[in-house]
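Here come two complexes built around chain A, the first alongside chain B, the second alongside chain C.
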Partner chain A sequence: MARDALVQEARELLAAMEQALMQIEAEGQDAEAINAVFRAAHTIKGSAGLFAFERIVSFTHIVESVLDRVRNGSQPLDANLLTLLLECSDYIAMLVDAIAARQEEQEPDAERRARLEAALTALLGVVTATPPPPATVAQPQGEPQGKVEVESGESVSSDNWHISLRFSPDVLRSGMDPLSFLRYLGTLGHIVHIVTLPDALPAAAEFDAETCYLGFEIDFASPVDRQTIEGVFEFVRDDSDIRILPPHSKVAEYISLIDGLPEPSGRLGEILVKGGALTESELTRVLAQQAAEPVPAKPLGALLVENDVVPQAVVAAALTKQKQGEEKRAQEQKFIKVEVSKLDALIDLVGELVIAGAGANVVARRQKDVQFEEATQALSSLVEQIRDAALTLRMVPIGEVFQRFPRVVRDISRELGKEIQLVVTGADTELDKSMVEKLSDPLMHIVRNAMDHGIEPTEARTAIGKPAAGTLRLNAFHESGCIVIEVSDDGRGLDRERILRKAIERGLVQPDQQLSDSDVFRLIFEPGFSTAETVTNLSGRGVGMDVVRKNIEALRGEVEVLSRPAQGTTVRIRLPLTLAIIDGFQVMTGEAVFVIPLDLVIECVDVSSHDTRHNILKLRGEPLPFVRLRELFELPEAGEVRESLVVVQYGQQRAGLVVDRLVGEFQAVIKPLGVLFSDMKGISGSTILGDGRVALILDVPHLIQRTARAQAAQSWPRQASALSDR
Partner chain B sequence: MPLFATDESGTYRLTGELTIFYAAMLKDELVALLGTAKAPLSLDLSGVEDIDTSGVQLLLMFKREAARRGASVSYSGHSPAVLAVLELLDLAGTLGDPVLIPNAVR
Partner chain C sequence: MSQYPTTTNPGGTALAVQGVSRQYLTFTLAGELFAMPIEQIREIIEFSGLTEIPLMPAFLRGVINVRGAVVPVIDLAVRFGRPRTEIARRTCIVILELEQEGLLLLLGVLVDAVNEVLTVEPGQVEPRPSFGAKIRAEFIEGMINLNERFVIALDIHQVLSVEELTTLIGMAAGEGQGAGE
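And now, the complex of A and B:
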């Protein structure tokens, strides 16, 4: 759907725009970065114009006018303007969101828009007022004007619509004739001028009689509205390049038109005339001079500017077009855009393939046919490779999430009056695309919290001999089948006593309870828990951290907090690499089959040789808490079995799971549990075995926590009731 | 059917529909004609009953290709259907050759 493509493109461009603005702020003005900002605004406006999203076009237009002045040096780019431009990009993002939500008819925030527009037009006004008009006034009428002000805000004199048509090459084959659209257009008004562009016609050898090569530039006089004109081309709009400019369009809109048209810049003059940016007489003058010029003739573009008949911006746009085209081509070769839903469908299919492959394996083993078994083994190894390849298709660098933060840190540090620098490492660590989107809000909360509560005000820092500027670190890395994301600050650290006091006040813990540091710090993720003494604009309202935990747990991940007084706090998020397919370790208790994510399995131990009192087992001298799945899931006794213990590890914690039988490795396609089971603890999903039976996937992080708590409860039986989760 | 029947001199006649349905076939014949015929070529369009975008493209391509090979092609006897399209697309200057706009059409 074209609208989705527009929204996505606009969002990417806004991200690029923001990045360029941040770069300017960090490294000073740089023509390339300013151009990048301008191009982004310009392209957003152009595409929005195609769809007649007027709100975004009119707003971006003013932004673009200011940017144009920045670009040609008539408007200095100072800190205030940078902030203003960043706010404008935020507002454009809101307008884009409105389009995504199909609410483009409503202004998202009229007041904010008015404020931003006022600030922008104030800048424009100041500059237009400065060049003293007398020189222009003194010129006799009819003579060519003096210097043409390079200003994309000015309108062209043409009273007509301008329509550029580049039909899809396949339009004829689909049974449509461009002529019939033109005839119909003629019934809505008067075609003042039409230019048929045969530029794309190839030589006879390459000429395909059924491909449409012709383009049309039309000047059209009509009282109808834009929608009516667009309606004419409704059937061909999706594949064809159709641009419609209303009467008295801005010069900038013509720039955009030139940018988008496929004809080479050699056709510049003609396109400009037909486009109405120039009148015929202006072009004739230029052509006459060109004929008189001694060889080598200057390029037409240079002549036009020399004669001041075309605003420089227009020519620049036409001339840079070719270069941009080349850049675009180079990028296209490297990446192709694929709809996420298509990838998801592929991964679903691969999941089914994995299950079917497992089924074939089971059959092969039963048949005891060596050749058959070998064949299925070869198949499974290929299926495994396909699975991995398919999953990496969805992997994206976490930099996509991190790239928002320079801006966030900048804005918040200003708001708080703290000097904070951001250090990002591991931005190219990859994770599943579906997680990227869900990770961004939790990270935002954590970062805000760190800046607001973690990092001390400058005076407080200097007083205790810390560097005046606080440091916030974002880090990401892979660790045993997980991605770990850390947000660290070098601030004051969490106040253990205050958290504990508050938790006791709220009845979350008993006053005489013994808690480890990490247990205490985990309390900040409880709903409604805030230790901030003053509620600031950003955080301290006690919402946020519990939402963070919920979001992370919904991704089968875990959050933990490490903190040292006066040295800082690290929030560590651990997420599984993928949500779809895992390598599992299959175990059985009674008749029930369970799957443990293989990445989390450390070793398997024979239980019978160990002393297993109090659900603690001594393994190589270390105590290891464990749980019997039979007891946990209340399965019937199976009589004499030789129990095994699977040691699992998540993060730094280990625990044992006692099972009847170890079955072996197995690729598990994770099927989510239904809503009915959403409250169930200890199970994170289900999967289908090769023989069609259902196996449950154990929620290892939960089980480890549970055994740890049970162990704590045994050591201090008095507090057991407060901590148990039953 | 479009096709063309030859006159004795250098004049060829196009008749019937100059549309997408016959465009591919006609293209081959036109190109073949360029290879064999002696310059200058004249194409009589008086028998053209209908013409669409593909037909216009063909006429443009034919003229260009001839020029590229150093030959020349002129169109004559434009039928009302052809004239209407040339006017719609403002191509009379390019494809009109002897610009003959009969009173009946104007």
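And now, the complex of A and C:
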């Protein structure tokens, strides 16, 4: 568990690091961004150290050293170093992956590591010529008290840090090994003296093997700063009692240390003397002062002011700063990390609740009891709210996917020798977390394609009067219950003729067949279809646009391509907002109940008054192609029924579905039909009705496409010219 | 076909080799008695209707709701190349839990009636015959010798091979698409 947490944390930090580096590249050096990079590297190193993942610690250490010099201004951060740092973050990511795969004993790519390390060390070597300022000064956020205390006459003579550790009794149960912290501490400096305090140990009979009873007093010699030492205990800081006194600490701090710990003060004093933290005479003075002090646990600030060490104003400033820090921490805690499986379990339960609620509604209606009906209605509206709230728990901004792309675009454009700028809009558009994960690969593929095939080389662009730099746009927005994601480039556009030629060659279309532009462009999603004349490093790896389409369709989504010669191509992905629950519209054909996602239903029309002979209905003057579900699904004929038509719309396309009966709206919990039906078309899933029966959810986009195509195939000899104009 | 772990070896003699008794559920299918090991059986439910799925092969009768999970129901008789099972008073659906590629999959099989649970001693099981059983040989795990008659013990992983069923369903779905695709 702890290992997973480490991996996840490291990945998040790496993403933050990369983002900060990209920001520096785009907007120039920025102290905050550099700090963010440094903090990320530092924290990764620290956490890895706790688990003794040596490979990551030693590598990150060098990166951190370089970053430290950047931070204190002794190393300029130029384009080369940025590239190097990005590569280093990639390599750390590989090391983290190795940990995730439990292969941390192996070096993922020794050659690459050696190359990166050499480059880093070379930088460090150059800079050492002008000696770097001592580490403590290099820390801009170093403890302000540190210096003051050194000057104070009341401070003790020890050169060592003093660390008091009282681990939480539960530390072992939370999967932490107290010893690993000490071991890691040892890598930052020299443990001069360590005393184990067994005072809390109970009688043998009450001894619980899983409880940690031991405390430690440590004298520690190290040039690092307080933050670094605190960082060692990052993972246990919340539950454990950890006190760190800097070298030459004030006497008063020792008093408060002695007072604050559970062991008898005399004994603790002895330990301190033995370890060299205090001399005998200092101890006497400490103890005397402790006895004289009425409120020994006086705040540090007050003590400092009392002793005229620092002026009141400075303390006030320090306190304000401290408070800000706390506020920031409080803000950070507004987010809770939740295991995805817990969230899934909750959504499942809400789903059951929705089904049970629908069941109660059915019973209430049947009983014709007004009060009962009102009660179930109130319940239903609450369930609906709970459903929506539960679903929003899984909603995340699409920016999570988009944020990978600045880096990708940067690297690919370099590789291709093209100048490409990336414009991201709508990054705060939200969609279901489970979709975010599955979107990343298809999007990556489309982006690569656009950069490789879409955007022309710089010379070709300038020759036809386009700006030298190509533009790639990522955009996301909500549209009628869907999320739409667009990847557009301002490149050369798709070559309609070449695609058509290729398709005819491969027998996908007939030479005399007339196709609309969108039909032609759709061909690029056919398996193995590539119009690239040369296989470059980026494309032609055997993964085609057909995989993209498959991935998107697996999410109940649709891909569409728009393209204009010399102006560019837009790939538009349309996805449902969530995969779990939808508002559905129930219809019946014969005895079978089908559900249409309500978002796609425009209106319902009584067809008995219309002429329905050609499967095209004239609706308010416009032709509307329709299909009978009974015919489509080869269901048995029923006798005389008064048919109804449901007008559905998907994207720009409209069509009608003719059914026997309209039942009404309800909340449908989507139940996947499972692996057996993975190749099935026309039905996207199933749901459970109030009475426990299973109803099938219609795959409207697919039905519309099929209807449109079937009719086009029937009618094109006559309407060929009309079709090609579309 | 052979990638699914089964408890048999190709000769169907594994039961005897194991040397322990095993329990089997016996059931009838068009008047004939069959058995399947109970390890995979999760429950048996009375038939009370199912939802048919359009354009599916005949062996796939539809889906039912088993406490919130949508479970496909296979008509075993059709799977064995015989006519559809007619729904009658004693028609049951046996819900099986099969592990396929690390995932647990629920599948229902439609049978005319379930009879009893048999405890079968190793010596009671004969290897499958090379012909004569009128169903595909690989569906048979062995023959249980039961007072003067034999009961076919099914190799349920073969009968309900997800890979094979999915292919068959995919083919049917593909045909149902018509010329549009």
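Annotations for the structure displayed:
Basically, the second predicted complex is superposed on the first by the 515 of 726 C-alpha atoms of A that agree within 3 Å, B and C clash if a C-alpha of one lies under 4 Å from a C-alpha of the other, contacts with A are read in each partner's own complex, and residues count from 1 in each chain.
What we mean here is this: a contact is a pair of C-beta atoms (placed from the backbone, for glycine too) under 8 Å apart; a residue touches a chain by one contact, two chains touch by 3 or more.
Please read these numbers as outputs of a predicted model, since none were measured by experiment.
Contacts of A:Lys681 after superposition on the shared chain: chain C is touched, whereas chain B is not. In the superposed model, A:Thr196 lies in contact with chain B only, and not with chain C.
When the two complexes are overlaid on their common chain A, residue A:Arg226 makes contact with neither chain B nor chain C.
A count of residues in chain A touched by chain B and by chain C gives the higher number to C. Look at A:Arg404: by the touch rule set out above, it reaches neither chain B nor chain C.
With both structures placed on the common chain, the touch criterion links A:Leu214 to chain B but leaves chain C unconnected. Look at A:Arg661: by the touch rule set out above, it reaches neither chain B nor chain C. Every residue of chain A that touches chain B in the complex is listed here, in rising order: 172-173, 177-179, 182-183, 186, 191, 193-196, 198, 201, 203-204, 207-210, 212-214, 216. Residues of chain C that touch chain A in their complex: 49-55, 60, 62-65, 68-70, 72, 100, 103, 105, 162, 165-166, 169-170, 173-174, 176-181. Interface residues of chain B, counted against chain A in their complex, comprise 20, 23-24, 26-27, 31, 34, 52-54, 56-58, 60-61, 64-65, 68, 85, 88-91, 94. Within the complex, the chain A residues that touch chain C are 348, 351-352, 355, 592-593, 632-635, 671-683, 686, 688, 692-696, 706, 709-710, 713.
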